[in-house]
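Each of the next two complexes has chain A plus one other chain: chain B in the first, chain C in the second.
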Partner chain A sequence: MVGVAFTVFLAGSFFRLISMWRLAKKKDGLIFSYISIFFALRSIVHWILPFAGVSMRKHPAMTIVAFLFHVCLFAVPIFLSAHVILFKESWDISWWRLPDMAAEIMSWSVIGSCLFFLGRRIFLPEVRYLTSLSDYLILAAVAVPFISGLWSYHQWAAFQVVMIVHIISGEIMLMIIPFTRLSHMLFFPFTRGYMGSEFGAVRHAKDW
Partner chain B sequence: MTKQKHNFCLAIEFFRKISSMKQTKILFYSVFSILFLLVGAFAAFSQEDIETVNDSAFENQTRPPVVFFHDTHNENAAIEECNACHHMFEDGKRLDDDDSIGMECSECHCSKMKDSMADLIRVYHLQCGGCHLKQKTGPVMCGECHRKR
Partner chain C sequence: MTKRSVQNISTIPDEGIDKGAQRLTPDQVSRVIRRHLEEEGGARLKVYTETCVHCGLCSDACHFYLSHDHDPKFSPAGKVKQTLDKIIRKKGRVSIDFIKKTAEIAFTECNLCRRCVMYCPFGIDVAYLMLFLRRICHKLGVVPQYIQDTAHSHAATMNQMWVKDDEWIDTLHWQEDEARDEIPDLRIPLEKQGADIFYSVIGPEPKFRAQMIYQAAVIMNAAGMDWTMPATPGWDNSDMCMYTGDEEMVARLKKVHFETAMRLKTKRIVMGECGHAYRSVHDVGNRHLGWKMSPLPVMHAIEFYYELFKDRKLKVNQKYDAPVTLHDPCNVVRGGGLHEMARYVINETCSRFVEMHPNREHNYCCGAGGGVINCGPPYTNKRVVSNRVKADQLADAKARGAKTIIAPCHNCFGGLEDIVKHYGLGMEIKFLGDVIYECMDKE
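Up next, the complex of A and B:
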């Protein structure tokens, strides 16, 4: 089952990147001539560092929560001791493990961040205007694996059932990455890189 | 008044005499040591019943201890050969008629220096969880073995 999830994630990502590449080529082949590695990387670096851009300095709370969220979102599933132990059992490979205490704090941070994003979507009119049902569903898809993970770690009521929810929801999240808005994880370097190239090489302007 | 005091002193004197007698001393010491032995034997005996797996290689455990009532478990699971778990190897081959009872798993499975803890955890999980998975009975989830009480 885990194998299926990883396969769908990897094959799906590959497929989406290729088909997006081909679509771009067909619709507007010229964009490839704009791409400049230097300006692309310059833009990516400015957007990947906290507070390196104007927009981030304007919204400090959002910036802090968003960076905290993304760091924890990646670090916890990859370095959680229980996950590393399971990789070790199945494929005899292992790597550094997060202390359980740190993983716990980071998981709570992810859940807290999801609540923050939810509040933002509900209470900020300019954000609510852009929000559709799928945004709420995706927030839930991200939060459920963390809530169920903490639940089973603490062995709260009926943790055997919650553990199964954890496994399935985690696999669902992995599998929907290529096909939903979560695909910004795949496309981020390209969209950002394109913007950076156009602003840098064509308009001679900053895009951060 | 004086008569009472006199009786009291007599009593004390009597006890002093008795306790200084050799036989009384011997009696006292032997009763004491028998009691001591009984308590010791009881403690040792109750330690014999293994209730959790507690490998000394895990110095500070990060998870709750693993519930494992050694004899009850093996009876219920109908495991006849001790070396189903306490196995012995020679030249990379498993010996059917030998075992490693009395050794901790870590004595053999912790020697490789490279991330030995992960290797040790792995063999425990493969042996315990592997059999449960194969027989489709017995715990396979973290919290079912590492139980918080």
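Up next, the complex of A and C:
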């Protein structure tokens, strides 16, 4: 199952990137002419550093939560000791592990962040207006693996069942990344980099 | 603004949109859109529409949203949701009324100012998406009447304002004549081969603001520049077709413009104070002709004035005395990075400068750009009401002493004039050239 999930995620991501690359070659050839590694990186760096841009400074709570969320979202599944042990047992590969306490705090951070995002979707009119069912489902797809993970870790009621929920939901999340709005994970460097190049090299202006 | 009044100004009759829509059948609509999506919808369209996570962070960038009491319908992503999202989801099977609404949103509720690109974490280019919609409207023949008229003028005369070939030459002679009262040996050199500079202007200059050609001639004369203007079509650097979605015409227009420069064997093109023309010549039109950058150096007036002052070619007799503030036009600042040069020129010519906030790349749009002012009188009220935030920004600069607004862009100038009048701000608006002309040593 895990193998299937990883395969779908990796092959799906590869497929999406390649097919988008080919579409860009066919229809948006200008992207390749205007992309500038320097200006692409200049823009990307400004957008992956907290508070580097005006927009981030205008929304400090969102900035803090969004960064915390993304860091934890990546770090916990990869460095959780239970996961690392499973990798060791199945594929005999191993790497650095997060202390359990840290992993727990970080998991709670992800859940808290999801609640924050949910709150934005419900209470901020400009976000509510844009929100459709799929946005809630994606939020749930991200939150459930962490909720069920903590549940199982603490061995709360029916944790064996919840463990299965955890495994399946985690795999679902991984598999839907290339095919949903979560694909911003794949495309962010390209959209930001392209805009950074246009703003930097052609328009001699900042884009943050 | 209340919700009710927003709805009121959203049902504006427009001959171009209404009559165009009457000629359509639902079948035509879906056929044209499907073909457009297939032919021109590429990776940018796909990635932009499929990765937007609906976070709403672009909202704060948009003067429409801010001016309409944070009505989410006016946020950049909100405008995409109402139009393009549905078009893509339904694969073009949308009603004719929907197309009318789409035309109104794409043409009159977005200035293509790209401020939202700086607020979207992913760098999604909503201006590109709105232009994509405008091109659909163009293909369907549903375009606001006034701006379509300028596009027709471009197609028929190669200038925006139906200026006839002899009227153009006549206007230059007239301005030369007028200027000779002030400077007896002044010339507006026509058709001079091999001059250093081809000075190009937008159609409205000979039509309504001929004194700007006069001023430019005085500046060129005082700085001792080797310059010329053509006696043929190709003199107009403006480009409303870029905003109606008529990309084939964009290519024709820029081809004539560049070829005129080549024919005159000039070394560079210096453009008057116009933002959208700069966008067209320096960023957009060249691409339609297959040039990565413009085929010969292109300078906006701000850059040119900067060069003149930097090289000490112009002297100032007495600095402009009233405190000034600067409106950074989108197309030359976010689109050209000329903001520091503009400040340098102001520093050389004005004694007191008050920054407006936000400024530089983050300045609020004038509300007129992107062809919105060219959609004409039916939308004037909506345009002005939709930019209350600009009025607030100007009022704040005024409270800190600013009396004159410098707007180095024709569209901004017109847009700010309407805003200053509507909100009773009582501020004077000037082009950079106006200020230089007033203060310079003309000998």
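Note that the second predicted complex is superposed on the first by the 208 of 208 C-alpha atoms of A that agree within 3 Å, B and C clash if a C-alpha of one lies under 4 Å from a C-alpha of the other, contacts with A are read in each partner's own complex, and residues count from 1 in each chain.
Criterion: contacts are C-beta pairs under 8 Å (C-beta built on N, C-alpha and C of every residue); 3 or more make two chains touch, one makes a residue touch a chain.
Computed from a prediction, not measured in an experiment: that's the story for all the values here.
In the superposition on chain A, A:Ala82 makes contact with chain B only, not with chain C. Legend: residue contacts after superposition of the two complexes on their common chain; A:Val127 is shown touching chain C, with no touch to chain B.
Shared-chain residue A:Met163: touches chain B; no touch with chain C. Looking at the shared chain after the overlay, A:Asp92 reaches chain B, while chain C stays out of its contact range. Set side by side, chain B and chain C differ in how many residues of chain A they touch, and the one touching more is C.
By the touch rule above, chain A contacts chain C in their complex via residues 20-21, 23-24, 26-28, 30-31, 33-34, 43, 47, 53-55, 58-59, 62, 66, 120, 124-132, 135, 138, 181, 183-184, 187-188, 190-192, 194-196, 199, 202-208. For chain A in complex with chain B, the residues that touch the partner chain are 81-82, 84-85, 88-89, 92, 94, 99-100, 152-155, 159-160, 163. Every residue of chain C that touches chain A in the complex is listed here, in rising order: 40-44, 46-48, 50-57, 59-61, 65, 70, 72-73, 75, 77-78, 81, 117-125, 283, 287, 292-293, 333-338, 358, 361-362.
Against chain A, in their complex, chain B makes its touches with residues 62, 115, 118-119, 121-122, 125-126, 129, 141-144, 147-148.
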